[in-house]
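What follows is a pair of complexes built around chain A, which joins chain B in one and chain C in the other.
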Partner chain A sequence: MTLLQLAWKNVVGSAFRSWIVFLCVLVVTALLFSTVLVIRGAQDSLRLVQQRLGADVVVVPEGTETQVETALLMGQPVAVWMPRENLDRIAGIPGVAIVTPQLYLASLANAPCCSAEMFLMAFDPQTDFTITPWLSQNLGHELGLGEAIGGSDVFVPYGEENIRIYGYEIDLSGNLERTGTGLDTALFFTFETAREVAQVSRTKAVRPLEIPSDSISAALARVVPGADPRLVALQIVHDVPGVAAIPSSGLFQTFHRQISGLLRSVLAILGITSVLSLVLVGLVFSMAANERRRETGVMRALGATHGAVLRSLLAEAIILAFGGGITGILLAALAIYLFRNLIVLSLGLSFLFPSFPSLVALGGGGLVLALAGVTLAVLPPALRTCRQDPAVAMRE
Partner chain B sequence: MISLIGVTKTYPVGKGATVTAAHGIELQVERGEYLVITGRSGAGKTTLLNLVAGLTRPTSGQVLWDGTDLWDLADPQRSLLRNRRVGFIFQFPSLLPSLSVLENVVLPTAFGPAHGKPGARERADELLHLVGLVDKRAAYPRQLSAGQQQRAVIARSLVNRPQVLLADEPTSDLDEQTEMEIIDLFARIHATMDLTILMVTHAPRLVTRSARSIEMADGVIVA
Partner chain C sequence: MKIPAVLIVILAILIGTLPYFFNCQYDGKALTLENGRQVPMKCYWTAQASLAVAVPLLVVGLLIAFSRQKETLRALALVGAILGIMVILLPTRLIGVCQHPGASCNLVMKPALIFAGSLVISVSLVGLVISRRSVE
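Let's look at the complex of A and B:
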């Protein structure tokens, strides 16, 4: 028989104590892990959208910054306009390398002319540097008239061959990878297709699609190497009236702040919960150690060293922490995966379920924390127990 | 083999007060000897056994094993000596409740230098056969009678082939018939295994013919 086997036998033999410790560790680990998972998923999602937009500066009509950010992240359709001539002005600003327009539209909700309410985005393939790279990866050819590519959650309704937008039949040519944001429910097509949709909508839609002439919703700019996007953004605001220019570092700041705020408050609550749980674990072990003073004395009489008694007690705690920690992590991961859409809706955050390697790394970190926490909580009673005089322990 | 020289042990009992459980003990135990320590409750018999085993540090005096003071040894060496050379039988139920009888018997092998040494289970089976419990090897302590538990403890005390057996009131909770069976078992073990036995009892009638006996009262050897 080894000390580990002895510890396992004691874990099984002290069912009540073991369940309390197991559940404490499970709850704390699950709460901690799910919080980290949600925060990480939200951060990953924001980072991915920023990468995919690929712009150093995003220019939108003044006062619509939050609306546009919300549309991009949460998929809430938005319709904002600014003059197309802004493109030339932006392109002429020193430090701007390339600028491309985007048009944000919304399909109709609960209308027979539209398959679903969707965020629609038109772009110019000639100048685009944000969507085209994804399209070429997914399609292998440039998007043509009447073709669209959808976010990961866009699909052709059952029993239909195409997606209907304002009565116009659009061929869904492919889907993009999941981002966990509003882009997953968006439909991307060219400006030509957008104009065709507007044309057809006059006769076939419940309400026609109105696109003001010579208007765009946003302009995405890349700066020349060495230029500071923040300075270029300031220059754009100065030179182009009626616009807001957001450098990439300032994009989605509202959401970053929201995540940070959420993280702070949840971590504070979790910190208190963790400390209370670890105190409870320590108390339970302390009580168990007191009940088993005579047993520990017997072990010492049979030749167990201080160290062997300590290792045996810590092994019991580590077995329980490991079991509770693994179970908590698996349950939390499963719950977050199953309810990820609910999380997006209830927290108002975009969310991307972490990749398997990230998940393993986060889970490993959570497990190490659980093991360290329980070991620390159990160490004082374990040390007290192994240091006691065996003769006194056996007499009590 | 074992010498106690001027050994005194006092225990604190709170608020600066102490109680002297053993006072100026002088004792010599030879190899192969069967020593019975008698005396009334509180005479210091259990303290004497604990001192012999190095389970409690004497307040003054020396406990020598083959000329080496136990308290000159570090805890691992003292523990190793207990593990290799001493078998313990306690007056209270001392089997670990979460282990089966067989696991309890092999338990001391978990604490030695070769954890779970090969042959430990075979040795345990042999000893369970000796004490008549081989059919209870898979049972748990709660499923055994007090006499059966004490037999299992005797088997456990012998698993590491000790040189010295320390038995503290091994028959205190047993009926008269089981008491005699256990005492007979001790006599057989002493005769066949060449063991040194120190047995504490409050019943002088249990002193066998082959044993030397001493009597304790108020922490001193009186006879």
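Let's look at the complex of A and C:
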């Protein structure tokens, strides 16, 4: 009989003890892994939105920074306005290479003139550098009048041919890739279409779409190579009154802080849970080692070395830790994947499920931690058992 | 086979009850036809069908708990696995749920049924393996 076979027989032979150790490892690994997945997914999602925006500096009306960030991340419609003339002032600031305006609008909820409540974003195709490059790569043409591109979760309602916004029929030309943020439920179209929608809404909508003349919601700027976006942002705030300029590194700071806060509290709770579980595993193995003193004494009397007894006990713990760890990781990954939209809504965080290689790497790390933790917890009782005198052990 | 049986019973209760509280009909939403009549959305029927699958699954769990014959346990574990597949197919292929990604059927009911169905299949397969060692 090999060492593994002996360990497996012991695992199967003491079903209750094995179940306790298995479940302890499963619960701790699943909790740790799901926490890491959520935090990692939220960070990845923030990074992707920053990349998708493609701007070095985002300029918004003063005092609306958090509203705009929430709109971009959570898709909560926002109505903020600043004079269009700000565009020329920003473009004239040294270090700014290109600047493009955006309009942030919202469709109506529970109104027959709108298919659904959505965050609407209008852009200027002549200067835009966020949506247009994607359009030319994936659609092969620019958006025309009445055409729109949707986030990954935008769809044409069943039985209809177009999306209805303020009574205006918009043709959904395609969908962007998933970002795990509010942009996934947003609709993007040109300024021309936005003006057309506003025009039609006066006669066909429950409430007309109001776009203040000569106003924009935000301006996205790219800096010239070598320029520091933070210095350019400071210069914009200095030269253009009534605006806030956020460099890309400073975007979504509220959400970064929220993630860090969540991480700290969850890790503290998980740390306590993990330590308690490992103590329980150690106690269970300590009791098992006491019960099996005669058995290990016989093994030693038959010629088994200290090392062989120690290895058999550790192999038993590793089998259980491996089984519990793998099951915990698989269950956590499946649960987080399936409930990702619910997590986004409940936690108020954007979330993007990690890629397969990254998932495997995280899972591997989690499994190694589980194995190391259980081995450490089991080592003291295992060492005590294998060191005892066989004659004394058999007599007891 | 006690632990797999208990797990299947718990999962059957979840499969039967959870969709009842997380469908659009329960949230007060319905489809309005041209004639003004309101009819339940797809997710309502998925919830009803889940209950129809949950009841035999519950019986399978109880029978596994009280059966001792190897062949019976094996057959029950197989039926459990097939019912688990049905639980997954109801919201994904057979009936489906609503289109809106923010609806409670999409946020909770569908993922919960897929998760519970996967667990039922896994537990039944474990039961199938364990039943090979059971005493007649």
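We take it that the second predicted complex is superposed on the first by the 396 of 396 C-alpha atoms of A that agree within 3 Å, B and C clash if a C-alpha of one lies under 4 Å from a C-alpha of the other, contacts with A are read in each partner's own complex, and residues count from 1 in each chain.
The criterion applied here is as follows: a contact is a pair of C-beta atoms (placed from the backbone, for glycine too) under 8 Å apart; a residue touches a chain by one contact, two chains touch by 3 or more.
This structure is a prediction, so every number in the text was calculated from the model and none was measured.
In the overlay built on the shared chain, the residue A:394 is in contact with chain B alone; chain C does not reach it.
Once the two complexes are laid over each other on the shared chain, residue contacts for A:290 go to neither chain B nor chain C. Legend: residue contacts after superposition of the two complexes on their common chain; A:9 is shown touching chain B, with no touch to chain C. Within the superposed three-chain model, A:157 lies in touch with chain C and out of touch with chain B [touch as defined at top].
The wider contact with chain A, measured as residues touched, comes from B rather than the other of chain B and chain C.
In the superposition on chain A, A:254 contacts neither chain B nor chain C.
Of the two partner chains placed by the overlay, only chain C lies in contact with A:342; chain B stays clear of it. Once chain A of one complex is fitted onto chain A of the other, the partner contacts of A:334 are limited to chain C, with no touch recorded for chain B.
In the superposed model, A:300 makes contact with chain B only, not with chain C. By the touch rule above, chain A contacts chain C in their complex via residues 19, 116, 153, 155, 157-158, 185, 331, 334-335, 338-339, 341-342, 345. For chain C in complex with chain A, the residues that touch the partner chain are 3, 99-102, 106-108, 110-112, 114-115, 118-119.
Within the complex formed with chain A, the chain B residues making contact are 11, 46-47, 50, 53, 55-57, 75-76, 79-80, 82-84, 86, 88, 90, 92, 94, 96-99, 103, 106-112, 115-116, 120, 156, 160. Here chain A touches chain B in the complex through residues 1-3, 5-6, 9-10, 12-14, 294-295, 297-308, 389-392, 394-395, going by the rule given at the top.
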